[in-house]
Amino acid sequence: MINLTIDGKQVQAESGMTILQAAKANGIEIPTFCYDPALSKAGACRICVVEVEGARLLAAACVAPIYEGMVVHTNSEKVQKSRRINLELLWANHNQDCLTCEKAGECKLQELCYKYGVTESRFEGKKRNLPIFDDNPFYIRDYNKCINCGKCIRACQEIQINETYDFVDRGFNTHPDTAYRVDLMAKESPCVFCGNCVAVCPTGALTSKINRGTFRTWEVEKKVKTTCTYCGCGCGLELNVIGNKVVRVTPDLSGTTPNEHGALCTKGRFGFDFINREDRLTNPLIKENGKFRKASWEEALDLIASKLKGIADVNGGNSLMFLSSARTTNEENYLMQKLSRAVFKTNNVDHCARL
Amino acid sequence: MNYIETDGVKIVLRNFGKIDPLKVEEYVARGGYESLKKALTAMTPEAVIEEVKASGLRGRGGAGFPTGLKWSFTKKDADQKYIVCNADEGEPGTAKDRLIMTGDPHGLIEGMAIAGYAIGATKGFIYCRGEYTTSINTLNHAINQARENGFLGENLFGTDFTFNLEVRSGAGAYVCGEETALIESIEGHRGMPRFKPPFPGGAGLWGKPTVVNNVETLANVPVILDKGADWYKSIGTEKSAGTKIFILCGNLRNTGALELPFGMTVREVMETYGGGLLTGRDLQMVHLGGAASGIMPPALIDTPLTYEDLQAVGQGLGSGVILAIDDQKDFMSYICSNTHFFEHESCGKCTPCREGTARINEILHRIAAGDGTLEDLDNLKDLGEMMQISALCGLGQAAPTPVLTSLEHFMDKYVEAVSGKKNEVNEEAVATEAIHKSYYEAAPIKLD
Amino acid sequence: MGCCQPIDKVTAIVEQYKGEKGALIPVLHAVQKELGYLPKDALETIAAGLNIPASEVYGTTTFYTLFSTKEKAENIIRVCESGPCHVSGYQKVLEAIKEELNIEVGEATEDKKFYLEMTACLGVCAEAPAIMINDKTYVNLTPEKVKALLASF
Amino acid sequence: MAGLAASFGSGAMTNSISEFSKAKCIFVIGSNTTETHPIISLQIKKAVKYNGAKLIVADPRRIDLIDFADVWMRHKSGTDVALFNGMMHVILKEGLADEEFIKERTEKFDELKAVVDKYTPEYASEITGVPAEDIIEAARIYASAENSSIAYAMGITQHTCGVDNVRSSANLAMVTGNMGKEGTGVNPLRGQNNVQGACDMGALNAVYTGYQKVTLPAVKEKFEKAWGVEGLSDKPGYTVTSSFAAVEEGKVKGMFIMGENPMVSDPNTGHIEHCLKALDFLVVQDIFLTPTAQLADVVLPAATFAEKEGTFTNTERRVLKVRQAINPIGNSKPDWKILCEIATCCGYPMDYANAEEIFEEIASVTPSYGGISYDRIEETGGLAWPCPTKDHPGTKFLHKGKFARGLGEFKGIEWKAPAENPDDAYPLILSTGRSLFHYHTGSMTRRAKALDEYLPKNRVEINPAKAAELGIANGEQVKISTRRGEVVTEAYVTERVPEHTIFLLFHFEEAAANRLTNNALDPVCGIPEYKACAAKIEKIS
């Protein structure tokens, strides 16, 4: 353990930790943009700079290692001034349409400008002026809101390992883009629309296209952690709910799910609007003369019970077949086989394991 | 490049003009590769490092870090280490490394082999600016000759020391003069600096311990081993030992490069070797040390050219450029050309530099065009000071230096510029701005 | 790149560097020397041959000013605009070039003979102003000298 | 999963998902992992890109994972056994086998040796079409790595020789001792979200929960006691596929289908339709009016996973929580509630207050789930079975030190040709599978706007050489026919498929691949041969 002082507090932290980690372990939050525990470090955004006594430069907390006797000030006047200017610089080169931005309410730039009282920038001038890339059904890329944290690039390189993006150009013109600047749908693009880049983007540069313009982030009433219903990976995810509607999916970052870093695939992230579809079955249906009509539960259940019992009474339980489902829960599969076995005394129960 | 002959002692340019750089035998005839032989056969690596430490040699790339100390910081246990020569001479006004590479390439090669031996590196890279095609060709030629003559390769001088050398060409990026950006570039990546620590001495090229030294620094090493640390230390001043190549340029009668012991004042060098300004002109300022260094007012030109004396007056030696600017030149226009350079050369990785260099440049162009305000001056100072302490690498940290030093010494000119009337705008400034603008419009390249 | 020949040259260059550490930039140099610029199919061949993600190859290419993904011209003129050239009057030299060739910075002449761009320091500051045409550096220029120089191409 | 159960005594993925990134060699066969198990593919890619693992891929199609592979064996569809045997031949011949493991942990090795003996790389090459040197290299890499893992999916199982394929993979793992250690094992990647759970829960014709056989008297007695009933059947019932034959024979007259869509998912759709229509009574419980539901007498509206509590068991045997986010839409109900009501109406009251009570009953009758509870799942994020007691941490990988069945059993397996081979009338091999952008029969993903916009219709992959020969251009309408039916779709001319193979997705009811597929079954486990049947393709002018 290493002894150091952070903001006047004597604290201990594990050797090898960065200032950011040591501060966090001791309940002190330092703002970040380009840092993500799941990704390699960049040390690029410089918003996490802190003052280390004896050092000429401010240190980027996300990459600076701690040492014995270190004295750190995470929020000194010098630090705050640096962060404010940093924010002013980002804000000056930002498409400032927060009113209608999808990210409003969850935007890291918005949040920090709020916290540091940056209401305007002294450095307004030219802006990055790129087209908005609306080239696929899943997400929109608006690099005029990009702060070059590079997390999308690293997420695609290190988590998804499709290596779709890198920075292109240099200096003020630097921004993430695809190889040859092709559309994400182009044949040269390795993108599979997992949206792991969208999930790590701190601003409105990468946003989901589904449900665009239909809700504000702060309207989300709850985020329910659950297990994805597509494929056998069993990924954890969060269903975001407004009213009785699932409006979007966010990653489950609890670290205990089978999907490392909360990574999802395109279905797990963009495939749940079927839940609230108009054509969901909402009532029991009984077929009469080749046509369905709505029925009450009582009527439908009575009909089913009498028909199943009738067939079993005449032909034996083995004349019934129960097809369970690999898409329903364990509890439901259990009850299905119990129904066939305990109620109708038949082992004619199976599901689509082989299909 | 003009070379100005001096009477004094020569170290890195000892062979310049005296040998055919393409003939290794001429280098050998003047004692070449004897120091390498001495190091390999008569000295331990530790002893070499100690000798260099004792000589007081400091990095000639601009930062002035003690070379021996840097070598001693190299991680000891590693399966592979590298010595890298920083020959990405991009500091505007600087033309010293080019002289060494084209005039005495074996001096550099020998210095690198000795450095490799000292730190335990068996492989070296010379990362040379892509624009320096002659230097690259000369170096490749010299490396082949050195290999053929047993000065590079396996079992040098019958010892078990193996050392190979390769030249890598840069591709037009000033930031690659920053050592970690340079390493990234050798690895084949965008030349974006890494955060430190880890320092290259711990984890550099391909994650292996690496020492990066400037051309001029390395070229000193054979002489230090040959003549000894004490001899070397006797040249120059106590804290600035040895000699330095200075480049006289700008509005002087004579311009060119010359090697001088540390310690002459700026004025002495400009007058003795530069012949002073053209008749009828007065000195407006000296941009000393390169684009990333401070702007020196005439009042300070009696400062001796040493690391310590310049630091004491808030200036820096940088790479040794002495760019004299006379009173006929437009002040704002010159400052703008400088800020334009940094905007263009910022790698774009960290926010302070990527956005900051652009905004500084923008504000200065605005001021030059007569649209500036007094608040702009405060904003420049705020922004510049923030960049100095918050940018990721030396480029971003140093980029505001000319602006901040000129604000300190030439506030009257700024105030004049922001309070002047728009119709009195200097034509030169407008022309410069137009050039810069067209440059940017041409910059983004979009594939069809 | 209508014919298959240039891409074969790219393949041959890539083969030569295969397995070498940090081969990308040397390969880009060599290919550009061969083709004059770095077209998309060349970059694709390089990415596949060196087993480097295409995004990285492209990102790296666009970082360096000496690399170009578009065809420029037979001769590339680079005018130094750094401090020493600035105070030595590169502006007049640039004007002369623009006037002589009737192009702006970032443009090629109609006959694709010259392309004009700016550059940072060329390292010949004591002989400013300086320009580079292709691999060669020309110093101590004046408007008259540069016009004569262009005429020699 | 009968194959693995026979070899090892347990039929599930032996190791966990995260272990793929710790393997030094991964052998993927019959799994288009990046599309069918995207998140597992991340672990495989990570192993290769960041941890120095070697990757061997055996697949007739040029799947995306091949970009990461050290060796790609493009074997002919249906020749997996020969490929495995060829690799084992090399391993035995070159002394790369783990003699000690074979001696200590397995039995019937001689039987394997006798069969494998004749599968020289050259002979295996003849059958599989894979160059002998690639088979040799793959064998060496697999056998020499510190720890090697096998992953497979439906490309191995969906053949008439599916069980043989699986047992061959088990043979390979055992020969090299790549079992019972981290980052090793034989890992069937289960296709559907809760297929592992449905099997564990005894939604199978011959076993109760936890694979307790219906034929064993003690098991029968146990469940009779637990459920308070008498006369549980001790005879295995029909499987999905055999039940349709029984319908034809008039033996099955009523069917209750919960959340399944055999009209799209099952082979030979024409036959399925005929059978479903022949039933006296059909109940379908689902979230949408699927093609199967349309044939029902009664349709019951079920709630989606977002509208209920419960658990899924993922492919790595890990029991994970499903949590309710919204109320059931309209008058729909969670499937478990509907089942309770039906049982109650039929005179067997089921009055569980919630899903947790059901789970507690499952844990009480299922030894491998005995130590799992909702509370523990909340605490840990999910426990992998076997987890027999409350203090058991769950099992990351199986067969450590000892196989579930005691000794691992080798079985010498001869290669057998697929049931239906190309001939003059149907000269191509039709293979079917999934896309990343859709799931199973598409009842959910076809209704997800972005996914359906990305891939709105089926398309058949055809090799450029074959397409040129048949005068078919990319994007043109083609008709694919087999002995069972025909489908019209769009041609996608691509090197992804070899010259004699065409590949069709099965998510699309309007161009349903299973109108074409063969309902020939594996004789042991009854899995249909989706991955190879004879077909022809014609351009529609």
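Letters are used for the chains, namely A, B, C and D, taken in the order the chains are written, and counting of residues starts over at 1 for each.
Here, contacts are C-beta pairs under 8 Å (C-beta built on N, C-alpha and C of every residue); 3 or more make two chains touch, one makes a residue touch a chain.
Just so you know, these numbers come straight off a predicted model, no measurement behind them.
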{"item": "Furthest chain, CA centroid comparison against subunit D", "value": "B"}
{"item": "Core chain by centroid distance, with centroids computed from Cα atoms only", "value": "A"}
{"item": "Higher-contact pair (C-beta pairs counted), A-B versus A-C", "value": "A-B"}
{"item": "Cα-centroid distance, subunit B relative to subunit D, in whole angstrom", "value": "64"}
{"item": "Distance from the mean Cα position of subunit B to that of subunit A, given in whole angstrom", "value": "46"}
{"item": "Distance between the centres, which are taken as Cα means, of subunit C and subunit A, whole angstrom", "value": "43"}
{"item": "Centre-to-centre distance between subunit D and subunit C (centres being mean Cα positions), rounded to whole Å", "value": "56"}
{"item": "Per-residue multi-chain contacts in subunit B, two or more chains", "value": "173, 190, 192, 344-345, 347, 443, 445, 447"}
{"item": "Subunit D: positions in contact with at least two other chains", "value": "none"}
{"item": "For subunit C, residues contacting two or more additional chains", "value": "40, 56, 59-60, 62-63, 65"}
{"item": "Touch-based graph of the chains, sorted into line, ring, star, complete or other", "value": "other"}
{"item": "Listing of all chain pairs that touch each other, if any do", "value": "A-B, A-C, A-D, B-C"}
{"item": "Residue numbers on subunit C that touch subunit A, as the complex places them", "value": "40, 43-44, 47, 53-60, 62-63, 65"}
{"item": "Subunit C partner contacts - residues on subunit B that touch it in the complex", "value": "1-2, 89-95, 97-98, 129-133, 168-174, 185-192, 206, 247-251, 255-257, 287, 291, 321, 323, 325, 329, 333-334, 337-338, 340-341, 344-345, 347, 428, 431-432, 435, 438-439, 441-443, 445, 447"}
{"item": "Residues of subunit A defined as touching subunit C within the complex", "value": "153, 157, 163-170, 177-181, 188, 190"}
{"item": "In the complex, subunit B residues that touch subunit A", "value": "173, 190, 192, 194-195, 197, 343-352, 354-359, 362-363, 375, 379, 382-383, 386, 388-392, 397, 443-447"}
{"item": "Subunit A - residues contacting subunit B, complex", "value": "41-47, 49, 56-58, 60, 63-65, 78, 81-82, 85-86, 89-90, 92-93, 122-123, 125-126, 147-148, 166-167, 169-174, 180-181"}
